[in-house]
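The following blocks contain the structures, represented as structure tokens.
Next come two complexes built around chain A: one with chain B, the other with chain C.
Moving on to the complex of A and B:
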């Protein structure tokens, strides 16, 4: 009874998360149809919300609502790609370390520990400042520095799995390492990887927003973080233009919440109990 | 008894009057003195080293001095030199003041002047861009310095005005001044002494120099607070946490003004800009930007009216093709810059820059894609936004401009040293416009900083003539020729320029504006008092 209640609670949260993400994906995909104006078109700058511009216009006269809609594309792309890179690296290394153990495990885990010891955001700030401000550099910087926690979690999971009877059985039947990794270990680790991917995307989006806010983002690909950056450097905050800086902030919160909710996987807790 | 009382009272009144008069001469009575002036800026100081760009700027304002300086009208007046003479504009003799001392008590001598110039030329390769015309310096006695130039230079005083003098006894044993971050590196002879640099807090502190040779500073201490962001700076100013938002040689953006006007404790002054807020520079030394029709095509693509409204509101004017700002001596009227898309397209077509593959963007005559790089500073949000607007304008005529953002240091390296830029967006300062032989020649002529890398003999001949000519009528003609040259050749053109909007703490009075250092002028430092 308690388990069923837990499941429902979890799945409800997951559904909410899924709903939020589908909504954001739809906004990003259909941006040209939804946006009331061309986001690059310039009219009178610094207009407060009005009939024509529901969220007013920014410092160079662009419609803020349209910019907000188009910015979802950049923010989600950066989040997805950075999350994907970090999870691909983290899952691959974690799996190899957990499965093969020995020197591979020591090297991967030691490298991961070193990277984990380095304060993430300051290092990303340095790298982003050193590299030129570009959306792809941010994807790379975040992706290449965010893999360690995925590697650790996947490593722990694989350590459990490799000692399970069905893995031993597969090995006894002559299954090769790659066969076992792809058909047994990876399949049974996918919940962990999905969850880490969702969290990595959320973290990447937050990191991108932080870097952009600090002026280290790509001003030519406007993301929600970049919108806040320009609001904060061209009079938005000083003139209390909440319609400029608040909506992108809320979008970041809602999107990150969606990813976090979707990571709350009921199957994962069930599997954990079974194991 | 009554008589004694009358005498005593009269004596007291007289003493009081004398005291008040002295105090007024020195910036008001003690009660009116400013114990601490808090200046906020987004200029980032990295080291308390005079070779750090912005620390160098603030050193020149507070702690260091040159032989001469600019007064509030922009004219040259004495500073460490009380007088000077030259017969041929090539040999300049400066007579130094007797009472100037370094902050550590040592006297300022002609040897320090010789050392400072020689040391700059030897240790800082960039200094050759503005004092490379100096052939030698002599110090025949302790208070006479003779500077010999390689050729006559009418404008030399303007150039030497920004060369800050440093103490020989401190720097003679320093081989790498850019790495010498000792507190002694900041010893100067100006009205304020450097006290500390708190890197983590972003605060630089100066204290009044009680042994200063000039007027006693009216402010006991100055705290320079660095902000990463203009909005954060303006919010701090609105809350009264700082007394003055200060951008070296520039004012604040217009969009901060309405909110500031609501605050009775804040005053705002508007001063004419004697530099230029934003200029598009072409590297005319490289193809295809060596072609004047191409540069003209760029200039016809820009919507100056929209940029004026967007970036300057009512504080700017539509620029003219002659480039030199109105207010410059011998300024002439040239045509106003206007957008003419058809003319821009026709010019590009005539140069064989055509869209071959049908993507709406032009290819070069050799069929390669035409994607000029527009370099600008990433730390200046106004410039980033202006670059975005330019990209849109150029796309309208089929030019696929690529924006290349660089931090201040990288931007400086590219523009000043490497000269690898193609097109660049950057502003100019008052002093910058006067360097070289004036009229922006320092920015244009490849023999100086030369951001637009002009080595055209016709232009250089006009610049050289300006350097050798004292006759006012001839100078006027040459100035007009140079402005007409800019209007025709367009090695660079202004995209917008605006007056300087300077807010300040209205609880203090005595603010004075100087075209070189803005409101942090000597007048302010010696006269500011409680209102």
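Moving on to the complex of A and C:
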């Protein structure tokens, strides 16, 4: 009884997360239909919220609401792709390490430990500063440095799986390594990987926001973090223009929350949720 | 018994030395590996404004025309002399620039790590103990809110509410200036209160979620059932059995969070305009002043490494299984 209630409570959270994400996805896809103005178009700058511009205008007179709607495309794309890259790398390495053990395992785990130790933001700042400022470089930088925790979790899951009777049976029946990995190990770790993917996207979005806030974002593809960068560096924050910096901030919060919520699964709550 | 603990310490020492060397090498490789002229990558974009003969001279000085292994030895030598390069943009050596900044950043990070960890341990145990109650729900919702909030936004909101609108705290900077002795210390504490609060909450949110989950999990274990059957009070079980089991992984989590806390501190500093590493890096990003970024990365990483090493040593003492007969 209690378990059933527990399950419902959790899956309700997942449903809420899913709902939030679908909402954001719809906004991103139908941005041209929803946005009241062209986000590039310049009018009178520094307008407070009014009838024409619900969230006012920024320092070069662009409609903030429209900018916010278009920025969801950039933020979601970067978060999604960076999360995808990090999970692909992490899951592959974790799988190899857990399945083949030995020297591969030691190498992967030792590298992961080193990468986990390095403070992420300073290294990403350097990398992003050397590379030209484009959203694809940010995807690469964030994706390539965020795989360790996925690798760890997948690794420990595979360690459990490889000793299980059905895997041994498959091996005894003459199943090759590739067959066992794809048909047994991968299938049985997919939930861990899904959860990790959602959390990786959440982390990637937060990291991208920090990088963009520092002024390392793509000037041609404005993300939510970058909107706050401009609001902060061009007087929006100092002059208490909350309508400029608060909405993109809330968008980041809500979107990250959506990804965190869909990763919440009652079945294996603890390990996979190590963020 | 002693030898097993010694073996643990020794293996950690080897691992950390290896990591240290790897990070030094990464720092060496980055400017030479990245796209663009290595001399610009080493000196910052300001270097381009100098005349070409000067640049050739600098190129020779940095040995960029020599083979890599010779460059590497030269790099290690200059590091041993605490020479982290020179910022042409600021016209000062990087080591000099960081001297003060690093101190302030550490003054922001350390209290935040301690306060955040204590908050997480206290409230995490409470929420895990009262699993599925209203307290649990409220605390977890709050932690999720702080977790999903980007560090700079939380800092901006706190600054805006408590300093700008309520006027309870200063709007930025580290001191009001012109104070001495205890007065100075109190003044700095007053200035650091909000940034430390912001960073503590950020650090606590993630740790809270982990502590809460592990406490909930441990309550399902057999030995807790046994302890209940023995007739121990819930309070006693929580304090003696549960916390004891949460503590060792908690220490390693706190250690690993140093990197995250340093990253957070950089951003919080910028919002509160504190003169720490974050502000230094921010200015460096704007001016594409690579030596400062590199030096900061190296120094911050070494600091995080040292903190982790210390925590691992502590772990060796806190976990009775290490140093046991096996």
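Note that in this section the second predicted complex is superposed on the first by the 266 of 275 C-alpha atoms of A that agree within 3 Å, B and C clash if a C-alpha of one lies under 4 Å from a C-alpha of the other, contacts with A are read in each partner's own complex, and residues count from 1 in each chain.
Note that a residue touches a chain if its C-beta (ideal position, glycine included) is under 8 Å from a C-beta of that chain, and two chains touch if they have at least 3 such contacts.
What you see is a predicted model, and the numbers here were worked out from it, not measured in a lab.
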Once chain A from each complex is brought into register, does chain C clash with chain B or fit beside it? clash
With both structures fitted on chain A, tell me whether chain B or chain C touches more of chain A's residues. C
So, A:59: does it touch chain B (first), chain C (second), both, or neither? first
Using the superposition on chain A described above, determine whether A:45 touches chain B (first), chain C (second), both, or neither. first
Between chain B and chain C, whom does A:232 touch in the aligned arrangement: first, second, both, or neither? both
Going by the contact rule set out at the top, does A:106 touch chain B (first), chain C (second), both, or neither? neither
Which partner does A:129 reach: the first (chain B), the second (chain C), both, or neither? both
Looking at A:177, would you say it contacts chain B, chain C, both, or neither? Reply first, second, both or neither. neither
For A:168, select first, second, both or neither according to whether it touches chain B, chain C, the two together, or no partner. neither
Chain C region in steric overlap with chain B, selected from 74-82, 92-100, 236-244 or 254-262: 92-100
From the superposed pair, tell me which chain A residues show up as contacts to chain B and also as contacts to chain C. 129, 132, 214-215, 232, 237, 240
List the residues on chain A that touch chain C in their complex, please. 6, 9, 110, 113-114, 116-123, 125-127, 129-132, 202, 206, 209-210, 213-216, 225, 228, 232, 237, 240, 242, 245, 249, 252-254, 256-257, 260, 269-270, 273-275
Per the contact definition, I'd like the list of chain B residues that touch chain A in the complex. 228-232, 234-235, 238, 253, 255-256, 258-259, 306, 309-310, 378-379, 381-382, 384-385, 388-389, 392, 403-407
Could you please specify the touching residues of chain A with respect to chain B in the complex? 40, 42, 45-46, 59-61, 129, 132-133, 214-215, 219-220, 230, 232-240
Can you check the complex and tell me which residues of chain C touch chain A? 15, 18-19, 22-23, 30-31, 34-36, 41, 132, 144-145, 147-153, 156-157, 160, 164, 206, 209-210, 213-214, 217, 256, 258-260, 262-263, 266-267, 270-271, 281-282, 285-286, 288, 290, 293-294, 296-297, 300-301, 304-305, 308
